[in-house]
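Shared between the two complexes below is subunit A, which pairs with subunit B and subunit C, respectively.
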Partner chain A sequence: MLEIHDLTHAEDGVTHLDHVSARLAPGTLTTILGRTGAGKTSLLRTIAGLLVPDSGEVSLDGQGWSRLPPWKRPTAMVTQQFINYPHLSTLDNVAFPLVRKGLRWPAARDSARAMLDRVGLSAMVGRRPSELSGGQQQRVAIARALVKQAPVLLLDEPFVNLDYKLREDLREELVDMLRNESGLIVLYASTEPREALSLGDRILLMAEGRLLDDGEPQQVFGAPATIEAARVISDPPINILPLTVGAHVAAGPFGAQDAGDLIRGLAPGEYRLGLRAADLRPGGRHVARVVLSEVSGSETVTHLDLAGFALVMHEKSVVTHPPGAEIAVDANLARGFIYGADGTLLRREAPHGQD
Partner chain B sequence: MTHQPLDPEPRAPVSRTLKLALKYGFILFWSAFVVFPFLWALTTSFKDANGVTNGATWLPWLQYQPSTQGWASLFGGPGGTNIVRPYLNSIWVTLGASVVSITLGTLAAYGLSRFTFRFLFFRNADITFFFISQRIMPPIVLAIPFFLMLRALGLLDSLAGLILVYVALLMPIAVWVMVDFFNSIPRGLDEMAWMDGCDPITTFFRVILPNAVPGLVVAGMFCVIFGWNDFFFAFTLTFTQTQLLPVSIVALNSSVTPWWALSASALVSIAPLVLLAFVVERFLSKGGLAGAVR
Partner chain C sequence: MYRQKYLFLTPGLIALVAIILFPLLFTIRVSFSGWDVYNPGLSWKGGQNFSRLMADSRYWAALGRLSVMAVGTVLIQYVLGFALALLVWRDVIARRFFRVLFLVPMMTTPVIMSVIWRTIFHESLGPLNPIIRGLGLPGVPWLSDPVWAFVAVMLVEIWQWTPFMFLLLLAGLLSLPSEPYLAARIDGAGPVRTFFSVTFPGLAAISVGAIVIRLIEASKILDTVYVMTSGGPGESTETASYYIYIRGLRDFQIGYSAALSIIYLVIMIVALTIIAKLLVRFLVRPAP
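Entry: the complex of A and B
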């Protein structure tokens, strides 16, 4: 069990880790999801020993790592930059950590050759990293991390610098490879909610160095604990609307007629409503002006202005909405999340699946 | 209907030929510019007094009678001096000082590149500047302190004394070149080596140093060129026991300037540097760090 206990780290007045704690069991792949600057890399670097925390501790199976320098920690890491040793061949790059562990070069090269075979680079053993493509270079880095058979594997957005198709392919290959590594604790940092939801057994949601949520993907996605968590895990962005319950009922531009059962049981007062982009749909009685429409693959994300409220609508089809055009929209408010004034989740109306 | 070629008037041949002509013309001109002094020295080294005073002549036996007088005078011939011993002295002093300077300078540079030092208001950049600032002073300012120190150590007129002085002069160059080079090696490479089980010292020797070869070669070349060509300290800090090549070449001069002997000595003294340049040229190629971090 890898235990992260109350880690804090700040530099030049910027907090990178703010009392982060988590327990990670062997055989799990945990995704750390957050935007740039959320503290994902700081957390991974602290676990690796590359960053010394201001307070807190990391331990594995009860053994504290505070006094262990990076070269003595049983961790392996792949970073978003493709880091390899330029002066060594592909084979020796992968054999290098084994030699440092005490193996002789011939034995280390045998293991490295087998690992390069697994990552599909058996034909490249004699080449230098500079003679490989970006994807191949990152495969070498992954092979070097896996060949060590360290119990903790840290993956810091390993495919972010690759093109979309290659990224998808390599991610699938990596997941397949990791399935064969029993007892491994894998931490995978990502900025992409879809990747985090599809990849991990568990999600640690981070923002500004803080842990916003921690749980299984369906749980974290299905009921974001705070507005901040909802914003981080929602792609396209979630609509956050003011919700007034009383003599007058209003959810942003939507009125009592739209709210339906949403406000049932709610005491009069001010709330906030989280409404996913997929819960807005074309048609209905509200007329919104199109600000921007983006087609991505087979999906369309449209930014709307409805009575002064900026809304985002997600359609799972390719639709043309010219900017400035007026379209009818409707909202399924019953699927919204109700948050209190402090931004914490009060109620989730309907069970939510992953979009 | 007739098909028109996409580019009916290919313009490339004329402009390409002109460019090639200009390029090779410039290369030929520059080569002649560089080679001419060597050719002049080579022909002069095989002339005698008559051959030298008869104007610019190039063809032996046809324009001048070749003579080995100049070359003989380098090995104790008439009117000359034996440069073998000074030559060997120069090799020892240059190599010794360069090796020590590069070794110490590289270690200091790695420290300055990778670790943060703070002492009063001094930071890494200040310390690096402190090293190179030693070379701002004119040599004459350093000559007297060096003389007094070597005398106190009993190392005046000795190879060891000269090596010590040259190390003091060459190490700043090594530090300056290597700090810059180490800064260009991504820190991610050090960190990856740590993750792969290397402590900082192993990281330096197994990962960083093999990738710093071009920097070492550049720093080494600077050190060797300076050490080999220095006349001032070799002249002021030695007397009769330990003469270096530049000093012995100057000793060839007399009331009549022996251009034949000076030309021969010039060729002999630049030969090691030319050979060295050919040997290390392949290490200076760019792109040594390609594939380190992308």
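Entry: the complex of A and C
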């Protein structure tokens, strides 16, 4: 069990880790999801020993790591950059951590060769990293991390610098490889909600160094604990609308009476309604002006202006909405989340996963 | 247009021939002459100068001495330069101050500094021996003992040119990528192993360049020897270039000193080529 206990780290007045705690079981792949600057890399670097926390501790199976320098910690790490040893061949790059563990070069090279075969680089053993493509360089880095057979594997957005197709392929390959590694604790940092939701057994949601939420993907996505958490895990962005409950019931530009059980029993007052972009749909009685429409693959994300409210609508088809055009929209308010004035989740209608 | 390129190249080629090739060719021609104080001019003596130098044990001894001095000083300069560069590479207090301080010796005039060092090493008037005696040790015959004089010349050379190594190696260190250091720490390499597995290989190419440049320069050592010891005591600090200077400009045996220079040049080219190739083989591209 990897235990992260109350980690705090600040530098130059900026808080990178703000009392972060988590317990990670062997055999699980946990994704750390957050935007740039959320503290994901700081957390991974602290676990690896590359960053000394101001307070808090990391321990594995009860053994504290505070006094362990990075080179003595049983961790392996793959970073965004394709980090390898430029002067060593691909084979020696992968053999290096094994030699550091005490293996002799011939035995280390045999293991390295087998690992390079697993990552599809058996034909490149004699090449130096500079003679490989970006994807191949990252495969070498992954091979170097896996060959070490460390109980904790830290993956810091390992594919973010690769093109989309290669990223998808490598991610699948990596997941396949990790399935064969039993008892491994894997932490995978990502800025992409879809990646986090599809990869992990568990999600740690982070923003500004704080842990916003921690749980299984469906749970974290299906009921974001705070507005901030909802914003981080929603892609396209979630719509946050003011919700007034009283004599006049309204959610932003929408009358909220059709929100059904969602608002039933709410005390009169001001709330916030979180409404996913997929829960806005074309048609209905509200007329919105198109600000921007983006087609991504087979989907369309449209930014709208409805009576002064900025909304985002997600359609699972390729649709042309010219900027400035007026289109009718409607909202499925019953699928929304109700947050209190402090931004914490009060109520949701029914569990629903990622659409 | 294609043919006209030679026209445009001509001025450069003329300058190249005039500056580099002509003096070299002229030296070769002089080396076959008997030009001396009594017979100035390009008389033809065939290979007599060369057969004479083959039997000139003083010349070969000076070459041997030069090899020891050049290789010794350059290696020590390299180790010290590397150590100093590592010292001020990372965040240390007054890093900029130390960087400039370490470069001061290189910015001084060699002849002037040799005079200063000769004064420092002076056995009765210099400040060094009183300090040594103050530590309870006997005074050192710095410039009157053959071995100590050789050491003294080497010390001044090391003092003067270590900053050159420092400068090149520091530039190399500052240009090293940080990523392999991260990898090494994660892969289980401590500071010493990281130095040998990341820093040293990363600086291999620069190291070879710096060592070869310094060897070329060190093989021409003359001014320090001239000022500090004049090759003495006896011939104990006489280097090849100083011996050529004696024969050419003191004895005025221009033809013979030209022959000495040509053989010296050939030996240097061959030796430095071999050294450079060996350094590249063992440092830049280590065998897997």
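Operating definition for what follows: the second predicted complex is superposed on the first by the 349 of 355 C-alpha atoms of A that agree within 3 Å, B and C clash if a C-alpha of one lies under 4 Å from a C-alpha of the other, contacts with A are read in each partner's own complex, and residues count from 1 in each chain.
Here, a residue touches a chain if its C-beta (ideal position, glycine included) is under 8 Å from a C-beta of that chain, and two chains touch if they have at least 3 such contacts.
Note that the structure is a prediction, hence the values are computed from the model and not measured.
On the shared subunit subunit A, the superposed partners subunit B and subunit C overlap sterically. Of the two partner chains, neither subunit B nor subunit C is touched by A:Phe254. Look at A:Phe221: by the touch rule set out above, it reaches neither subunit B nor subunit C. By the document's definition of touching, neither partner reaches A:Phe337: not subunit B, not subunit C. Touch criterion not met for A:Trp65: it reaches neither subunit B nor subunit C.
Within the superposed three-chain model, A:Phe159 lies out of touch with both subunit B and subunit C [touch as defined at top]. Residue contacts after overlaying the shared chain place A:Ala48 against subunit B and subunit C alike.
Look at A:Glu131: by the touch rule set out above, it reaches subunit B but stays clear of subunit C.
Within subunit A, the residues touching subunit B in one complex and subunit C in the other are 48-50, 69-71, 75-77, 79, 81, 83-87, 96-97, 100-101, 144, 148. Within the complex formed with subunit B, the residues of subunit A that make contact are 48-50, 69-71, 75-77, 79, 81-87, 96-97, 100-101, 128-132, 134, 137, 144, 148, 161. Contact residues of subunit B toward subunit A in the complex are 186, 188-189, 191-199, 202, 207, 210-211, 287-294. The part of subunit A that touches subunit C in the complex is made up of residues 48-50, 69-72, 75-77, 79, 81, 83-89, 91-92, 96-97, 100-101, 126, 141, 144-145, 148. On subunit C, the positions that touch subunit A within their shared complex are 177, 179-180, 182-190, 193, 197-198, 201-202, 204, 286, 288.
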